[in-house]
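First chain written, first letter: the chains are A, B, C, D, E, F and G, and each begins at residue 1.
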C-alpha cells in the first residue's frame, strides 16, 4: 500500500517536474514561465519528498522529509516573488497578449523621478 | 496554540510509551490525544484550537482543490500548442494587516499556479498579482475571486 | 703555524686598517708597512734552509670533505714570490701613504691592499689546489676593488669590471681545470701531484690543461686576454705598481711554473704555452711603443714581458726555467720602480704623457736617479741585473726548437722594450723641459724611497748576484724542475752569441726610440684592424650578452599571462606526452557497461552546463551556468555515496555564485575577443589537456599497484574514534591535520579579502613615494561606485 | 526597500537555520554534517538576514568581531590538539570523556576541534561577504 | 545501460528521475537562451529545486534516507542563491 | 561509469583551460573554478568509484554497510573544496580590485609589471 | 619528540591566532611577531639537534599509525629547512619593525607572516602527500595576501599572474596526488615509496613523475615555468619580498628533492636527466633575465631563478648516479646550496630595502653614492653579493664547489660548464649593482643636494641587525664550511638511503 502511494507520488512529482521543464521552455514571457515552472517544480519536489516520507515511514526520516517539504514550500514562493518583483521593477517586457497592468499605472508617477 | 503543543507533546509521549517511532503510530497518538484534549476542554479552560481545526481542514481542502484545478489549467496550456492565457497584473486591495498575514497570503497566492505575487505597495494596502487567466478580460472579477476566495479563508484561519 | 700566521695576519690587519687610518692619518702607511716588512724578514730568515732543499709545510683542515684544506708549502718558488710580495709590498704601503695623502678613503685602500697581499701570499704558499684557487679569486676581487678606487669615474668602474670579468672568467676555467687535475692526479695537494709525475697520458689531460691555461693566461694578461691590464691603469699608481706589474699578473706565470712538472713536457704544452707567450711578447712590445701615457707604456711592456716569461716556461728545460725565474725577479724590480716613478712624475707634474715630459732631472734628481737605474736594467745594459737575465733568456731561446725564429722574435721584442725603457726612464729627465700642468718639484721621500730601493737593488744584484738572487733563482728553479738547475748568475760569460744579441737589441732599441713617431704612424694605419682586437671582442661580447638577455626576456617574460599559461601547458603536455610515448605498458580501459541512465544524464548535464558557461555572452548567465555545473557535481557526489561532500558542494557552490554576483555585478562587459587563429590554438591546447586528464583518470581507475588503505578507517571509526560518520571522523581525527591547515587557509583568505577591500593606496600617491606615505591614510573614499548590495535604502530597521 | 515578504520569512527562518547549523555540527560525528557544513549554514543564515535587512543590521545583532571569531576558532582548534601533547600523546590524539547521564555519548577533543572549525567558517565567511556587500 | 528497476517503486523512482532530468535539460536551455537575466535566475532556481527532487527520488531508489540532508541543504542554498541574484537584478537591471 | 566521468573530467579541464586563455579576467577565474571542479571529480573517480552506501556506520553496526563508498577520497575532496573556495574568494576579490584599479578586464593590460 | 616535531606548526599557528585576537593592538602584534619567530627558530634548532643525535624521527598525528594517519617526520634535510625558515622569519620580523608601514601592519601583516611560516614548516615536515598539498596551499594563500597587502596597482598586476600560475600548479599537484592515490592506494610518502618499490620502470609512474615535476617546478620557478616570479616579486614591500625570496621557491625545491629521491627513482635515467637539463636551462635563462634588468629588486628576482638551477642540479646528478659517494656529494651540494641561498638571498633583499630607504628608488640609475657615504652598508652588501656569485671563501663557493666536483666526477661536463659560466654572469650582475648603487655618485637632482638621508637610531638597528646577522652567517658558513657540509652530507645520505626514512615512518617493515 505505502509502496503504491509513494510510487504514485513519485510519478506525479515527475510529471510536475516535466511540466515545469516544458513550461519554462515554452511560455512566452518571464512571468508566465515562472507561473508555469516554479510552482510546478515546487509541487513536484514536494510530491517526491512526500514519497520519501511515505516510503520510509521511520520517524526521523519522516520528520526530516516533512521539514524539507515545509522548507521548500515556505521558500519557493518567496524566491519566485523576489525574482518577479525584481524582474518587473527593471522592466522585463510582458507578453503582448497581456491585457492589464495595474502596477504600471500605479508606479507611473515615480518612474518619472527615476 | 499551547493546546496544539500539548497535543504534539502527548503524541510524542505516546510514541515513547509504545516504543515505536513510526509515522503511523505517531498519527495514532496524535489522534488519541486530540480526542482527550477535546474532552478535557471544560476542565482546562477554553481554547481557539478546537474551533480552528475544522477551519484549517476546510482551508486545506480548498487550497488543495485550487492547486489541482489551476495546475490542470496551466498544464493544459503548457502542453498544447496554442496559448489560451489572458494574463495581466492586477491590484488587490488587502484586508490583511500584519506581516504574517500578508506574507502567508502572498505566498499562498504565489504557490498557486496562475497567480504570482508581484509586489506590495509601500503602504502595504495593495498587493499586485500577476494573473495568468483573467477570464473574459474581467479584471474586477479576477480581483474579487482572490479577495473572496483565498484572502477571506486565510484571514479566517489566522484571526 | 708560521705560514698560516703569515697569510692570515694580512687579513686580520685589513679589518683594522680603516680604524688605524682614522687614528694615525698620514703615518698609517709607515705603520702598516711593518707587517710586510716583518713577513719579508721571516721569509728571508728561512731562505738558506729552503735553498738547501728543505721545505716548510703546514696543514690545517678546512673542508676536508671537499678536498679544501689550508695546506701550505714554502719551497724555492714560493719563497721567490713571497719575498717579492712582501718586499715590494713594504715599499708600496709607504708609497701609497705619500701618493694618496689626504684622500678620505685611503683607509679602505689599505684594507684592500692588505687583503690583496694576504691573498697573494696565500696563493703562492698554498699546497692545496683548491686553497690556491680560493686565494686566486680573492686576488681578483681585491684587484677589482682597487682598480675601482677612484669609483666616481665611469672609466675606473668600467676598467675594474673588465679586469674582474676577464680574470674571473679565467678563474672559473681554472676551477674546472684544477678539479679535473685533482681528479686525474688523485690528490688535491700540489706536492703530491708533483711527486706523482706528469699526467700527459691521462685521458683528462687535454681539457685539464686547456682550462688551467685559460686561468693562467687571463691572469697574466696573455693574448688575447691582455687588454684588461692597460685598462687597469685606472687604478692609483701604487696599486698598478704592486698588482699589475710586480705580483698579481705574475700569478699566472707562477701557476705555469708550479704545474709544469705535472702538466708540462708534452707537445701540447709546448705549442700552447710558448706559442701564446711568444705572440704576447711581440704584440705587447709593439703595442707598448704606440702609447704615450707612461702607465700604459709600462702596462704594455709588462704584457710583453709576461709573454716572454710564458714563452720560457713553455720551452721548459733547465736553462729556460732558470732564466724565467731570473727574469721574473729582475722585471719585478725594474718595473716596480718605473711604475713608482711614473706615479711620482704624475704627482709632481700633473701629467703622465711621455711626450710632454722632459728635462726634469734637475727638479727631481732622486726620482731621476731611480728612473735611470731602473731603465738601464730594463734595457739590459751591463752591469745591471737586467743584462744578466736577458743573456740567459737568449741562451734559452737558442736551444729551443725553432730556435732561429724564437730568438729573432725575442730580440725584436726586447729591442722595442729598450725603446720603452728610454722613453719612460730617461727621456723625462733629460733634454728640454716642457710646460706641465703643475710646476715640477721633487717628491717627498715616501714617493722616491720605493723606486730608488728597487732600482738600486737592480744594480746591486747585477753586480753581486750572491747577495740574494743567486740563491733565490736557484731555489725557485730547483722547485720547478725538481732538481737543481746547476747554474749561477753571472755578468760575464765570455764572447757568446748572447752578447751579440744584446748588442743588436740595444742598437735596435735606440733606433726604434728614434723612429718611434714613424712607427706610431705606421701602427695607426693598423687601427682599423686593432679596433677589432680582443678589447673590441670584449665590448662585442658584453653588447651581445645584453642583446641576448633583452631578447630572451622579451620573448619569455613577455608580460602576457596567456602566453605564460600556454608555455606551461605546452610543457606539461610535452613532458607527459613524451613519458606516455616512451613506454607502452600503461593500461586504460574504457568501460561502458553498467552505466545507469541518470549517471549518463548527470554527466551530460555537467558537460552541457560547462559548455553554456563557455559559450554564453552574458556574464551573469555564465555565472548561473557555473552554478549548474556545481550542482551537477554535487549530484554526482550524492549518487556515489558522498552526502557530506554533496552538502558542502551545494553550500560552497551557492556562496561562490553569490560572491561572483557581488563582485561582477557592476563591472561593464567589455571583453576583447582573440583572433580566430589564437582561438584555434587555445582550443587545441585545451582539448589536449582534457584528453590527457581523461587518459590519466582512466589509467588510475584501471591500475592498482596495491590495495587502498581505506578499509582501516571504516573498521576503526567507531571503536577507536567514537564516530559513525567515517568521512567526518577522517576530517576531525584521522587526518585532522589536513583540516587544521584547511581552516588556516580559510582564515587567511578572510584576511586577504578584507585587506584588499579595505586597505587601499591613496589615489594620487605616486609609485616611488614610500609605502608609508602612499598608505598613510586608510581611506574608503576611493572605493568604487557607492553601491550597497544588500540594502538599497537604509530605512528598514531590524526587528526588535 | 526590500520585500516585506522576504523579511517576514527571513525572521522566521533565521532561528531555524541556526538551529539546523548547530544540529549539523553536533551530529556531524555520526551523520552527515560537521563543523564545516554547519558553519556554512550558519553563515548562510546571516547572509540571508543581511539580504533582507542589510549588513548593518547583522553587525548590530552579532556582538563579536569577525576576527575574534576566526582567531578564537583557530585557537580552539589548536588547543584541542595540544591537550594530548600535554598528556604525553602525539599531537591531536583524540581524548574522550563519557558524558554523564547519556548512554554511549562521548565528549572528545575531535569534537572540540570541529567547534573550532565551525567558528572559523562562520567568522571568515562573514568577513568575506559583508565587506564585499558594502563596496 | 540498466534502465529502470525490478519493482514498481524502483520503476516509479527511475521514471521520476528521468522526467526531472529531462526538464533539467530544458531548463538549462532556458538558462542558455535567456533572453533576460531574470530568466536565467529562474532557470538556476529551478535546477536547484529539481536537484532536491532528484535526490528525493534517488533516496527511494537506493534506500538511502540519509541523503535527505543533502536535499535539505540543496533547498536552502537554491533559495539563498536566488534571493541574492534577485537582489542583483533589482540593482543592475535587465541585460 | 568511470569512463563517462573521466570524459566529464576531461571536458571540465578543457573548458577551464580554454577559458583561462581568453582575454578576460572574468573568464580566467571562471576557468579556475571549472578546473577545481575537474580536480575534485578526478580525485573522486581516480580512487575508484563504487555505487554504494555512504560510509556511515548504521546504528547497531560497527562498520558501514557493504558496499560502502571509500571515505578517504571524500575527506580529501572536502578539504580540497574548502581550500578551493578560500582561494576562489580571494582571487575573485583580487580580480575585482584589479579591474577597479586598472580599469580593464583584459589581462594584457597587466603587462607593465613584467617590464 | 612528539612535541619537538609539531612545535614548528603549533607555534606559528598559535601566534597567528593570538595576533588575530589582538587585531587592534599593533604593539602586541609586533612583540608577538618577534617572539613567535624567535621561538620558531629555537624550536627548529632543538629539532635539528635532536635529529642529529637520534636520526630520522617521526610522530604519528592523532596516534593513528602510519600510513593511516598523517605522519610528521623530520630528517636532517627537513629539520635544517625548518631552522632556516625560523631564521628568515625572525630576521624579517625584526626588519619589519622598522620597515613595515602601519596600515599594512594593522591589516593582518603579522598573522600572515606567521601562517606563511607555518605553511612552509608544514611542507618541510609532513610525511603525507596530500598533507603536503594542504601546507602548500597555506603557504600559497598567505603569500597571495602578503603579496597584495596594500593594494598598489603594481602589486595587483603582479599578483594576478602569481595567483593564476600558482593555482594552475596547485591544480596539477592535486590531480597528480589524486591519481597517485588511485594507483597506489595510499598517501603516506614512506608507504608510497615502499609500495612503489617493486613497480616496473617507466610507464604510468613516469607520467605521474612528470606531473609532479611540473607542479613543483612551477612552485620552484624553474625553466620554463618561472614567469610568476619575476612578474611579482618586485611589487610588495621589501620585507615581504625578502621572506618570499628566501623561502617560497625553496619549498618547491624541497618538494622536488623529496619526491625525486623518495618516490620517483625507478626511471631515474629519464627523469633525472630531464631534471639536469631543466637545471641548466634554469640557470642560464635566469641569469640572462637578470642581465636585462635595471631595477635592484628585479635583478635579485631573476637571480633567484638562476640559483634554483643549481639547487636542482645536485638532485639531477644524484639521481643519475643512484648511490655512492658522488651521489652523496651532489645531493649534499644541493642541500648546502639551498641553505646558503636562503640566507644570502633574503639578506640581499633586506639590503635592497635599506638602499631604497637611503636613495629613494629601486632603479639603478637613480641610486648611488652609498660606497662613499655608507661604507658599512656597502661592505654588508658585498658579502652576500660575492657569496651569491660563488666567490671564496664565502658560503656560495663551497655550495658551487661540491656541485661542480660532483658534476665533473660524473663526466656531466655540459651542466658544469653552465654552472661555471652562470657563476661568472652572476658576478657580472652583482658588480653591476655594486657599480651603480654603491660606486656611482648619487645622481644630482634626485634628493636635492645628492646627500643621503640619515636613518634614525632605532630604525637602523632594527634594519641592520638582521642584515648583520645573516651576513655573519654567510661568512661563518664559508669559514666553518666543514660542519655545515657534514650536516649536508648526512642529510644527503639520509635522502639517498630511502630505507631509513621508510623505517622511521612505518616502523618495522
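The criterion applied here is as follows: a residue touches a chain if its C-beta (ideal position, glycine included) is under 8 Å from a C-beta of that chain, and two chains touch if they have at least 3 such contacts.
Please read these numbers as outputs of a predicted model, since none were measured by experiment.
Enquirer: Identify the chains adjacent to both chain C and chain E in the sense defined at the top.
Expert: D, F
Enquirer: Counting C-beta pairs in contact, does C-G beat D-F or the other way around?
Expert: The comparison resolves to C-G.
Enquirer: Which chain maximises the distance between its CA centroid and that of chain F?
Expert: C
Enquirer: Work out per-chain C-alpha centres and flag the one nearest the whole-protein C-alpha centre.
Expert: G
Enquirer: What's the chain with its C-alpha centre farthest out from chain A?
Expert: Relative to chain A, the chain with the farthest C-alpha centre is C.
Enquirer: Taking each chain's centre as the mean of its CA atoms, how far is chain B from chain F in angstrom?
Expert: The separation of the two C-alpha centroids amounts to 43 Å.
Enquirer: Nearest whole angstrom, what separates the Cα centre of chain C from the Cα centre of chain F?
Expert: 48
Enquirer: Roughly how far is chain A from chain B, going centre to centre by Cα mean, in whole Å?
Expert: 16
Enquirer: What positions in chain D touch 2 or more of the other chains?
Expert: Expected reply: 1-3, 5-7, 9, 30-33, 36-37, 41, 44, 47, 51, 70, 74, 78, 81, 91-92, 94, 124, 128, 132.
Enquirer: Can you list the chain A residues in contact with two or more other chains?
Expert: As it turns out, chain A has residues touching two or more other chains at 19, 22, 34, 42, 58, 60, 74-76, 78, 80-82, 84-85, 89.
Enquirer: By residue number and range, which residues of chain B touch two or more other chains?
Expert: Each of 106-107, 117, 119 in chain B touches at least two other chains.
Enquirer: What chain-chain pairs meet the touch criterion?
Expert: Every pair of chains meeting the touch criterion: A-B, A-D, A-E, B-D, C-D, C-E, C-F, C-G, D-E, D-F, D-G, E-F, F-G.
Enquirer: In their shared complex, at which residues does chain A touch chain B?
Expert: 16, 19, 22-23, 26-29, 31-32, 34-36, 39-40, 42-43, 53, 57-60, 62, 73-74, 76-78, 80-81, 84-85, 88-89, 94-95, 97-104, 106
Enquirer: For the complex, which residues does chain D have touching chain A?
Expert: 3, 5-6, 9, 12-13
Enquirer: For a test of understanding, state which residues of chain A touch chain E in their complex under the given definition.
Expert: By the definition above, chain A touches chain E via 3-4, 6-8, 10-11, 13-15, 17-22, 24-25, 30, 33-34, 37-38, 41-42, 44-45, 48-49, 51-52, 55-56, 58, 60-61, 64-65, 67-68, 71-72, 75-76, 78-80, 82-87, 89-92.
Enquirer: Quick check: in the complex, which residue numbers of chain B touch chain A?
Expert: By the definition above, chain B touches chain A via 15, 21-24, 26, 67, 71, 74-75, 77-79, 83, 85-91, 106-119, 121, 126, 128, 130, 132, 134, 137, 139.
Enquirer: Tell me, which parts of chain C touch chain G in their complex?
Expert: For chain C paired with chain G, touching residues are 18, 61-68, 105, 108, 130, 133-134, 137-138, 141, 144, 148, 151-152, 157, 160-161, 164-165, 168-169, 172-173, 175-176, 179-180, 183, 207, 545-546, 548-550, 552-553, 556-557, 559, 561, 564-565, 567-568, 571-572, 575-576, 578-580, 582-583, 585-586, 693, 696-697, 699-701, 703-710, 712-713, 716, 733-738, 740-742, 744-745, 747-749, 751-752, 754-756, 758-761, 767-768, 770-772, 774-776, 778.
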